[in-house]
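Input: structures, listed below.
Each of the next two complexes has chain A plus one more chain, namely chain B in the first and chain C in the second.
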Partner chain A sequence: MIHIKRLQEDGTDVVALVGEIDASSSIDLDLAIAKSVGENFTKILIDCSALEYISSAGLGVFMSYIEEFKEKNISMVLFGMNEKVSNTFEILGLNELLLIASDKAEAKKMLA
Partner chain B sequence: MRTKALTRLLFSIAIITWLALVFTDLSILFSVRNGLKPEIASWLPRVILNAYIIILFYFYKFKIERDESLNFIDLLWRVFATGLISTVLSLILRLIETLLGGSKLASNFLYLEFTYLINLGLMVSVLLCAFMAWKRLILYQKSKWLIRLWTFFEWGMAISLLFNSLNHVFVQQYFQYVLGLFVLVGLVLSGNMKWVAYLNFRQKWTGLLLLLLTIFYLFYIFLTAGSLLPETVNPENQIINHSVHVFILSLMIFVSLYSIFSFLVVLFNLPTTSVFEQKLEEVVNFQRISQSIQTEQNEESVYNILLETSVSTVFADAAWLELTEKKEGHRIYTYAIKEKEARDIITHLEKQHVRGLLEQNQDKTRNLSKHLSALKGARFRSILAYPIYVKGENIGTLALLKELPEGFNKEMNKIVSTFANQAGISIENFRLMEEALQNERYKEELKIAKTVQKSLLPQVLEKDEHFEMVAFSESADEVGGDYYDTLRINEHQTALIIADVSGKGTTAAFHMSQMKGIFHSLAQGCSDPKDFMFRANQALIHCLERGSFISATFFVVDTREKKVRYARAGHCPVLFYTSSRDTAEYFKDKGVALGMVRNKSYKEFIQQNEFSFASNDILVLYTDGITEAKNNKNEQFGNDRLLDVLCEVKTLSPKQIQEHLINRLYEFSGTSNIDDDYTTMIIKFNDRT
Partner chain C sequence: MIYKQKVGCKLENLKPLRDFIRESLALHGVHELHISEIVLALDEMCSNLMIHAHHCNPQDLFELQIDIQPNKPVVFEIIDDGTVFDINQFDEPALGNLIHDKRKGGLGIRLVKSIMDKVEYSQRNGHSICRLEKKVRKGVE
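Moving on, here comes the complex of A and B:
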């Protein structure tokens, strides 16, 4: 199960993911991102430091927003991934499609 | 049939007995009057009278007591009918008497005695009929001591019959005490009037009429018999005298008492009849609600039944049921009130800060009529509200309204509260059934998906003299599909593919079949993996749903050039063992999975790779079900372990390598039930190379 926390910092929406994302909880992730987009945030940070595992459903959610973000000029950076999660993103090649940073500072830099 | 014949027989015997009584009585009388010594013993008529009583007793026993089909009113009818007949016959006799006037016959003592005996016979008949009927009524609800008392009463009366035959001095002394005892017992027994409660309104009126008339008949017959008595022989020589016959007297008193009591009880229970009928209706309604779960198709019907039954039970003028669930949203079902009006009342009450009427965390019902009075123009002056709970969660409120102020009493409150509870349970059951049904459907869907998946995997792999190939695939219940396939492009080129489709159940199965189609059409004559991937991606743009993707690796094995070209689209890295260097390694390359870039720029995200092979080299293709398999310590099988396992058996045949790998996998995870799909494809290049 996933627990999603949202914070606003200097006009950036920081979405922290705690736990695991599987097929059922991927819906919550989808809703959270949709909410962010709906509230007209153009800078979104995804805090993955407490994310233990992500399934293909969760990956699919991130992937599905790529086009939309391009159109609406929204930057999203994921940061703080553990080795396993990072590996998953790399194998799938998502690291070439999404912005991934190692920590928050770097992520903030990437946003700008 | 038997009973009918028996009753007819008994009736006939009774008549005969009565005639015998008449004969013996009259002969004795005649003898006595004429100063002769009677030939017949004086006790004989009394004995015959008792015999007559006993026979009639059994006659009525079979007719009334044993008859299962008689209900209360029928019993009263029987008694009434018997009384009527007797009275009519008695009246006819009187008529004859009046007609005869002062004639000699009319004053003949024999004739008078005869008249008396007729009346006596009729009276006894009515009394016994009533006795049996009252027995049925009193013993309607049996209890131990009631039965004992009644048995005592009956046997006591039977024994008194015996004594009466003797006309003993002994008997005469105790006559009053015995009579008193029987009257007392009769009184106690008369207290059993439970059958009255079961009559409905109309039956009560009918009963009243019947009882009243029965009482009249009884008194008429008593009077007649009594009046005829002194007219016969003087009391000292009385042969048959019912006024000293304990049995008959007790019976007269008992039957009369019970008739009068019944009449009064029925009369005074008339006003409460409606309450009983209401109670019965409540029970029926309750049953309706609990049964509605089996018979109704949807929740809405349950709500409507709840509304209807609540309204009818408490005679409410209107009602509504407001549901406030997250999923379904606010809904309101109304009865005899417009939705707008209901909402107005709700808003009004909320404004008044009435806490808990329509708030969803209520445990008790509340009578909030006083708040209603403030609402101008409202039709209603009383309101009761109940929360409905399903699985401990409040899903809505039932509100009942009346136009009268304080129109609801405690009883109504209680019963509707029970209804609301039951409705909550019914809805809960309903939803559980729906869930179970959904689960069933879901399981069916998965079964179909699994069957489709299995059918898409190749039955036979491409054969080549330059390499040996085996494949193994097992799918988990819920997870998406692994796919692998082979296709011969030409003499020296074979295409291989391994893929992992995202998604679950039937969706994955669909995507898998799309992938298969794409593979089989594009791989023909295509020796360029990068091109294959590009085209595959283009094709899939129009097939895949939002958020779905497919990871795949496509190989072209060229046995002429001894090379393998491949493109890895987001799939697990390729594992290759080179026998000349005796090392195994994972190839490093880049490639984004199919469906992630849904336009032509995907070309830049997929890379073409190439490597050479020699004999005894081993190419291992697999899906993440293998590397991500967990043991009980939550550790993953992992790429390193896979590599090590390969090295353990690098000299064996592909089949053996495969077996070994699978076994090690099961060993590691502690079970053969892996929670994901897992597939391996092992190609060993042989010595011919």
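Moving on, here comes the complex of A and C:
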């Protein structure tokens, strides 16, 4: 079960993920990011501080946007992951492909 | 000690299944990071089974068994009547290809193979068994 909250700060879309993302809920993450892209945001922050779990279905959603973000010049930074969630990204080497910051301040700097 | 759980094939059952795995391993003092990796791999195997072999039919059941013995790798068995989805027959797709194709799937096989020490398939009493093994560390080291 995942709750996704979106709020806009200084032209940046901040997407907060609360709960667990698995095969039953990864569609919600996909829809939230698609909405952000559809609303023409070019700076997206993903707040993972309340994300308790992510399965490969959720990781796959992030990965599926990498190419589109490059084409559209969109930058996305994930921040605030707990150790277990960040380990999941590392197992698959996604930490090399996505921008990941430890906190929001650092994430904002990486967007610029 | 053997722990068993029967699961209906709907994706909403993944969460209670993850809780069952976490709780069983935690009872034996398995290191937390190992627990989270194992949960990830089994979530992947079971969601694949629900989606690809059972088309998310909640009436179809499979069983997950966890066998934890001192000084031995933990053995997980997914016991099912359905079609086997043998991940050993699939190569892990290169990350670059997945990104290029904008694919959302395909990561799971990579994940299971990198987390588990062994994945084997067999038949027993008319059931398909997927057996996974993982050496685990105990406690916080």
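As a working rule, the second predicted complex is superposed on the first by the 112 of 112 C-alpha atoms of A that agree within 3 Å, B and C clash if a C-alpha of one lies under 4 Å from a C-alpha of the other, contacts with A are read in each partner's own complex, and residues count from 1 in each chain.
Here is the rule we use: a residue touches a chain if its C-beta (ideal position, glycine included) is under 8 Å from a C-beta of that chain, and two chains touch if they have at least 3 such contacts.
Treat the numbers as computed from the prediction; the structure is a model and nothing was measured.
When both complexes are overlaid on chain A, the residue A:97 reaches chain B and chain C alike.
Once the two complexes are overlaid on the shared chain, A:68 sits against chain C while remaining clear of chain B.
Of the two partner chains, neither chain B nor chain C is touched by A:105. In the superposition on chain A, A:20 makes contact with chain C only, not with chain B.
In the superposed pair of complexes, A:83 makes contact with chain C only, with no contact to chain B. After overlaying the two complexes on the shared chain, residue contacts for A:7 are found with neither chain B nor chain C.
After superposition on the shared chain, chain A has more residues touched by C, the comparison being chain B against chain C.
Touching of chain A by both chain B and chain C, each in its own complex, is seen for residues 23, 26, 30, 56-57, 59-61, 63-64, 66-67, 84, 91-94, 97.
Contact residues of chain A toward chain C in the complex are 1, 20, 22-24, 26, 30, 53, 55-57, 59-61, 63-68, 83-84, 87-88, 91-94, 97.
By the touch criterion given at the top, residues 480, 502-504, 546-549, 551, 569-573, 590-593, 595-598, 605, 636 of chain B touch chain A in their complex. In the complex of the two chains, the chain A residues touching chain B come out as 23, 26, 30, 56-57, 59-61, 63-64, 66-67, 84, 91-94, 96-97. Chain C contributes residues 11-12, 14-15, 18, 32-33, 36-37, 39-40, 43-44, 47, 50-51, 95, 98-100, 102-108, 110-111, 114-115 to its touches with chain A in the complex.
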